[in-house]
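Look at the two complexes coming up: subunit A is in both, with subunit B in one and subunit C in the other.
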Partner chain A sequence: MAGFLLRRLVNYVVLALVATFLAFTLASATFDPIGVLQQRNPPPPAASIEAKKRDLHLDQPIPQRFVTWMSGVVQGDFGRTVADRPITDELGRRIGVSLRLFLLGITFGIVFGVLLGVVSAIRQYKFSDYFATLFSFILLSMPVLVLGPLLKLGAQGLNDAIGSNVLIFVGEATPGFQGNWFESLVDRLQHLILPTLAIALGQIAFYSRYQRSSMLDVLGSDFLRTAQAKGLTRRKALFKHGLRTALIPMATLFAFGFGLLVVGGTFTEKIFTWYGMGDWLVVGIGSQDANITATVTLFVAVCVLFSGWLADVLYAALDPRIRVN
Partner chain B sequence: MTTSEIQFDTPATPATEGPVLQVEDLHVSFPSEAGRVHAVRGLSYHVSPGEVLGIVGESGSGKSVSSLAVMGLLPSSARISGSIKFQGRELIGQNDAELSKIRGRRISMVFQDPLSALTPVYTVGDQIAEAILVHKKGAVSKAAANKRAVELLDLVGIPNAVERAKAFPHEFSGGMRQRAVIAMAIANDPDLIIADEPTTALDVTVQAQVLQLLETAQEVTGAGIVIITHDLGVVAGFADRLMVMYAGRAVEKGNVDEIYQQPRMPYTLGLLGSIPRLDVSEKQALVPIKGNPPSLTDLPPGCPFAPRCPMVVDACHTAEPPLVDVDGSAEHQAACIRTNEIAATDAEGAEAAVEIFGAEVADEPEVAKIPRDQRDIVLELDQLVKEYPVNKGVVFKRRVGTVHAVAGISFDIREGETLGLVGESGCGKTTTLMEILNLQKPMGGEISVLGTKSSDVDGKRRFAIRRDMSVVFQDPMASLDPRLTIHDCIAEPMQVHGYAKDEINRRVPELMRLVGLRPDQLSRYPGEFSGGQRQRIGIARALALEPKLVVLDEPVSALDVSIQAGVINLLEELKSKLGLAYLFVAHDLSVVRHIADRVAVMYLGKIIEIGEVDSVFDAPRHPYTQALLSAIPIPDPVKERQRERIILTGDLPSPANPPSGCRFRTRCFLHAQLPPEKQRQCIEVEPLREVQAEDHEAACHFAQIRQVL
Partner chain C sequence: MTVILNEGDAAGTTGAASGSPVDAAPEPEKAMTRGRLVLIRFMRNKLALVGLVVIIGMYLMAFVGPLLSKWTYDQQDYAAFLEPPYADHIFGTDKIGTDMFALTMRGLQKSLIIGLLVALISTTIAAVVGAAAGYFLGVADKALMWVVDLLLVLPSFLIIAILSPWFRGKSWWLLVIMLAAFQWMITARIVRGMTLTLKEREFVKAAKFMGQPARKIIAKHIVPNMASLLIIDATINVGSAVLAETGLSFFGFGVQSPDVSLGTMIGLYAESATTFPWLFLFPAGFLVVFVLAVNWVGDGLRDALDPTSTRVRRKEKKTKEKAAA
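Our next item is the complex of A and B:
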């Protein structure tokens, strides 16, 4: 099994490289940072344009540019932006911002999505099941572009009612905030709640539907009956034998759900003015910057592939039938 | 480790007087779209300590539902009334927490399908230990429970129990899983074990092992046992008393011997008469019970069996007959107003059934009168070989072994003849069949259909040969497209082979009548038919192109016995009328004895015995055939109790790694008794098929007749 996972990991390195190469090539072929520069008013002198061209290696063919950039990446240098700032300096902070949001969002999404799905399945066709179904479908059909502003409105109403700014929905921390570690943590949490909710709600809706049907499959199974016949109460049998088995097909969803989230998280970041990776992609495209675009793509590719790998690990952990081979 | 090392606080005399289980006037109903389904309607029975009660009936008769009611495992939508007293304590109305203290400790259950009865994600040992821990929390340590689980696995006959306890359910064979479930059931020394069709999903040899194990379980725990089955053979030698259920009620109760010899309710008679007997050599008439069990949503007044009963009179429709004492004895009760008239017939048991139901033996086909060697060969296999590679690796596949599924088998089928192909699951029956149906050039050997070799035909010729050869599959539910009407199902082969539209429209109703169905139902969909009817439709489709050979893959094993009898009778009648030849693949040797002219016994990809059916069954030469035959229960309690079973140890070896020399030697009782120099012959030399008698060959170095019936 360990060997299998290791081989997978090697495959993934190749795939990540391919994805990044494609993004870099596409960006380099279509972006025109010099054009942007020339349209400035007043136009910069020809000498500085030439210098910029050299800095950005625009005189080289694209594959060579990729090799130059990639050899830097391997050493931990992701190149410079068009505005000539090192990407590496900003990269760590932005990844931190994004992952904080995504990991928290997906953790809540998985835990509550699974619980909601299980409760729905056990109480099939009861009021709570219908309610959960309605809740899920409303959320699933609502893009984050709608959900985000709605949450903001709600938070504003709440803040007004309390008379204090409990929920803050701009940025990830108050700029220039001064205080000890605890005050700082509270400040970050106040910023974190709404965007996390925006991500978690959609995830809860998504996972609960799948968990419900996978749990329903298990509910009628013979082994659940055997567990009860042994003397386990229904509740205990449901959780120890039923849920444990019903989680197996969810492993793939969890992993790829995370991958999708990283890709789709751009909007959430934009809505709540978080300067994370998603926001950076928009910035990169806006400033016609191939290096930023390729860096973000590499990050997304690593996330997606790592999730795939995690799915394999999860599968092996959950299902002994997989483990043998 | 022996049984005695495991502690069971078995009371020599039961602690409480009176029955362990007393069910009184039990009613169970479920909501459904068609109205409330009254699955159990006023059922009363009791089980005394140490007694074995058999509950028999067709599917849908309420036997499983009533047992699940005892366990408190019915879905919450079920409405239950009446009384279920366990050791004097009322169970109905108790909540889940209270019932869970009794379940698994005082009452335990063994289920039908061992493949799905264990949770796939926990080890077998853990699951058995859990049964102990859940009831003795605190009193027993986890380590002690695990140790006990190993002891129990050993007790139920799992070799190398310490290691096997760490295995997951998917690493166990079906028989081993059922043993594990039984280990779980006896883990807490229960007072009552309910076994719901415990052997239905298993091979005959494994069935014999499991039945014997249940007997052992009963001995060590002293528990009362309720065994539910649709097979009257299974309970004949095991049960003390029998209860026959029909439409949610008991229709006959009594001692096993009395019920088998003097059944007093036409339904019981029909059940007895519908079983093909392994121990009868002359052609036996099988009693089909016509029609289907009634719908339990709204039963008309009167006896629910009346629409299917051959003895029905007007009085039967007025009121449902209660259970009344037979011959003035409360020990034997039957629910029929004409029990006295049944008693008046001279014949006993199944013979009385034949008399009352008026069953007949189908005529021999015309062609059968010609001596066998002068008839045309319809199908011939010559040293057929089929192997599958075992591959390893994801990206770079490499071959690490070979599964020898079929290892050189030869037989022929002549015109108008039925060859039964039998063996345990995994012996290569299905592979053989698929090779024949595929009609490609085999890996080794030769397949010839009507004298044409499959290796030298092209696509067009192959297509033409398919007209002469058709197939009926095992599962009638899955083998008909649910989106096609019956007409389209039956017409499809004719359309493929380019029949004219008029011809098809003329022939389809004709085929429906031929298989005993009404042509006015042709526009319906398969979902509207019962299992037996669908199998008839499958047969009609197989006959559409007027084939010479019909390949039948376990055609009746998915059907209830009473329905099975009707389909078998139909097959025999068709054979006689149309002069068909059958290749009949089955694991039920009783059915094979009834329908086949010749039989071939397969073991691990080889035919180990072949010949005329009576010769093979009455004087089997190969130890494996002897073991197979002895494993099959006979629906006759007196005979059954006297029979000595040859219990094969273990499961079929892997066909990827068959034993050297004789493939059967690892499980052979004869081999085990031989002196070493003779054993060496079994290990080193592969036995070839040798003629034992006229049309009877067996592949054993030390073949000798042993009567096992």
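Our next item is the complex of A and C:
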């Protein structure tokens, strides 16, 4: 089993490198930071443009630029932005902002998605099943860029009804907030609820559909009947034997789901004005900055691959056949 | 309406052979053809029928609606700035007095055309590449599998966003091509898998031994036998293409001004959702309803075309259902 997981890990590291290389190459080939500089009014002197070109290594071929950048990354230096600020300074804070959102979103998404799927499978064609189906159909048709503003609208209505700002939908914390750790925590929570919902609702809908169909397959199986025949209660049979089997095909979905989450996260950050990695990607492309873009891609790739690898671990944990081979 | 159902008919006549050899045997009296059966099953599905009506209604509305309105998108009403919906402007006006109905229709037009084109192109590519990869195997096959893997790590959203500075200011056709270029891979992989099994079927072998060239076998025997899958996929792809387009346009990475799409409108007015909700709610509502309708039709087609479909035999406990993605 350790061999299997190690092989997958190596495979993922190679994929992440290729993905980052591709993003870096594409970005370097299409971006024109000098063009942006030249459009300034008054135009900067030719000498400073030349200096900028040298600073950005634009005189070198793209593969060589990538090697230069990558060798920096290995040592923990992600290069400098077009505006000549070190990327590494900002990276940690932005990763913190995004990961907080992603981890909460995916945890809620998986837990409630799986629960909802299981419940609607067990109560197939009952009212709750139809309700869950309708709920996920609507949410799956509703991208974050619609859901986010709608949540804001709902939160505003709620705030007005209560008469105080319970749910805050701008930023990740009140700027210049003063108070003890508990008040600060409450403040952060108030900011966190809506963006987390924006991400988690879509995930819940996504996972619940798959979980429902995989649970339905298991419900009709012989081993579940056997488990009940040998004296297990239905609940115990369902959760010890049924759910575990039904989760196996879900494990491979988690990697897919994470890709979805990262893209959704970009919208969430923009809508709720969080300055995380998704926001940075938009900033990076806006300022035609290959280093920022490649850094964000690397982050996305590492996240997706880590979740893919985690899915493999889960797969191995759930399915004994993998461990034997 | 006729377009999709006629395609279903075509699938019925050619696809019957793959379903089961018994069905394909010529029957003496006027038996029910598979096309009719599919039609009846589809019509029985209320949600899918509603979805179909909504889709046709939206295409009609997008192209006929502006002709009936007395305002055009480039007119400004200096007597109405930021007015909520009322008799004269049924969707209200924005801050320079543009009629939101005319603008929304224009955005809807662009989004719907892009969705349709991208779906047609990407499904065609998927059929050709997937069938060729599965039929010939070898290098092309390896490359396809690898590209699909890579796309999981490097979401197409990211790639197109990175390339967006390059097609900024150019025709929206480039965006159609870019979206299609990144949407076919996962379908192609499914097509590849189906080709692998079809390749071993008697009728394909017979054609091969009769000396048919591979190109003809793929075009005449393999692709028509996957018509069901391709129709369903093309339908679902319209929805995902519209979502991808709006997502990119939201950040200004997709449709560029002077063109308008639902995505650019949502991007522009998302900020105003809490203050001037009608600016945001109309384009967002059209987007969600359209995607929802597409998903319902896709689901209905799947149930109608799939012989092991659940809705037809819903009494049976053991069901096999694919989740709507």
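FYI, the second predicted complex is superposed on the first by the 323 of 325 C-alpha atoms of A that agree within 3 Å, B and C clash if a C-alpha of one lies under 4 Å from a C-alpha of the other, contacts with A are read in each partner's own complex, and residues count from 1 in each chain.
FYI, a contact is a pair of C-beta atoms (placed from the backbone, for glycine too) under 8 Å apart; a residue touches a chain by one contact, two chains touch by 3 or more.
Computed from a predicted structure; not experimentally measured.
In the superposition on chain A, contact of A:85 is made with neither subunit B nor subunit C.
In the superposition on chain A, contact of A:126 is made with neither subunit B nor subunit C. Legend: residue contacts after superposition of the two complexes on their common chain; A:293 is shown touching subunit C, with no touch to subunit B. In the superposed model, A:234 makes contact with subunit B only, not with subunit C. When the two structures are aligned on the shared chain, A:18 is found in touch with subunit C, with no touch to subunit B.
Of the two partner chains placed by superposition, A:54 touches none, neither subunit B nor subunit C. Note on subunit A: of its two partners subunit C and subunit B, the one contacting more of its residues is C. Partner subunit B is touched in their complex by these residues of subunit A: 4, 7, 221-223, 225-235, 241, 244-245, 248, 318-321, 324.
Those residues of subunit A that touch subunit C in the complex are listed here as 15-16, 18-19, 22-23, 26-27, 30-32, 124-125, 137-138, 140-143, 145-146, 148-150, 152-153, 156, 206, 209-210, 212-213, 216-217, 219-220, 255-256, 259, 262-263, 266-267, 270-271, 281-282, 285, 288, 293, 297, 300-301, 304-305, 308.
Contact residues of subunit C toward subunit A in the complex are 149-150, 152-155, 157-159, 161-166, 239, 243, 246-247, 250-251, 253, 263, 266-267, 270, 273-274, 277, 280, 284, 287-288, 291-292, 294-296, 314, 317-325. The touching residues of subunit B, when paired with subunit A in their complex, are 71, 73, 96-97, 100-105, 108-109, 111, 113, 116-123, 127, 130-131, 134-135, 168, 170-171, 181, 184-185, 188, 394-395.
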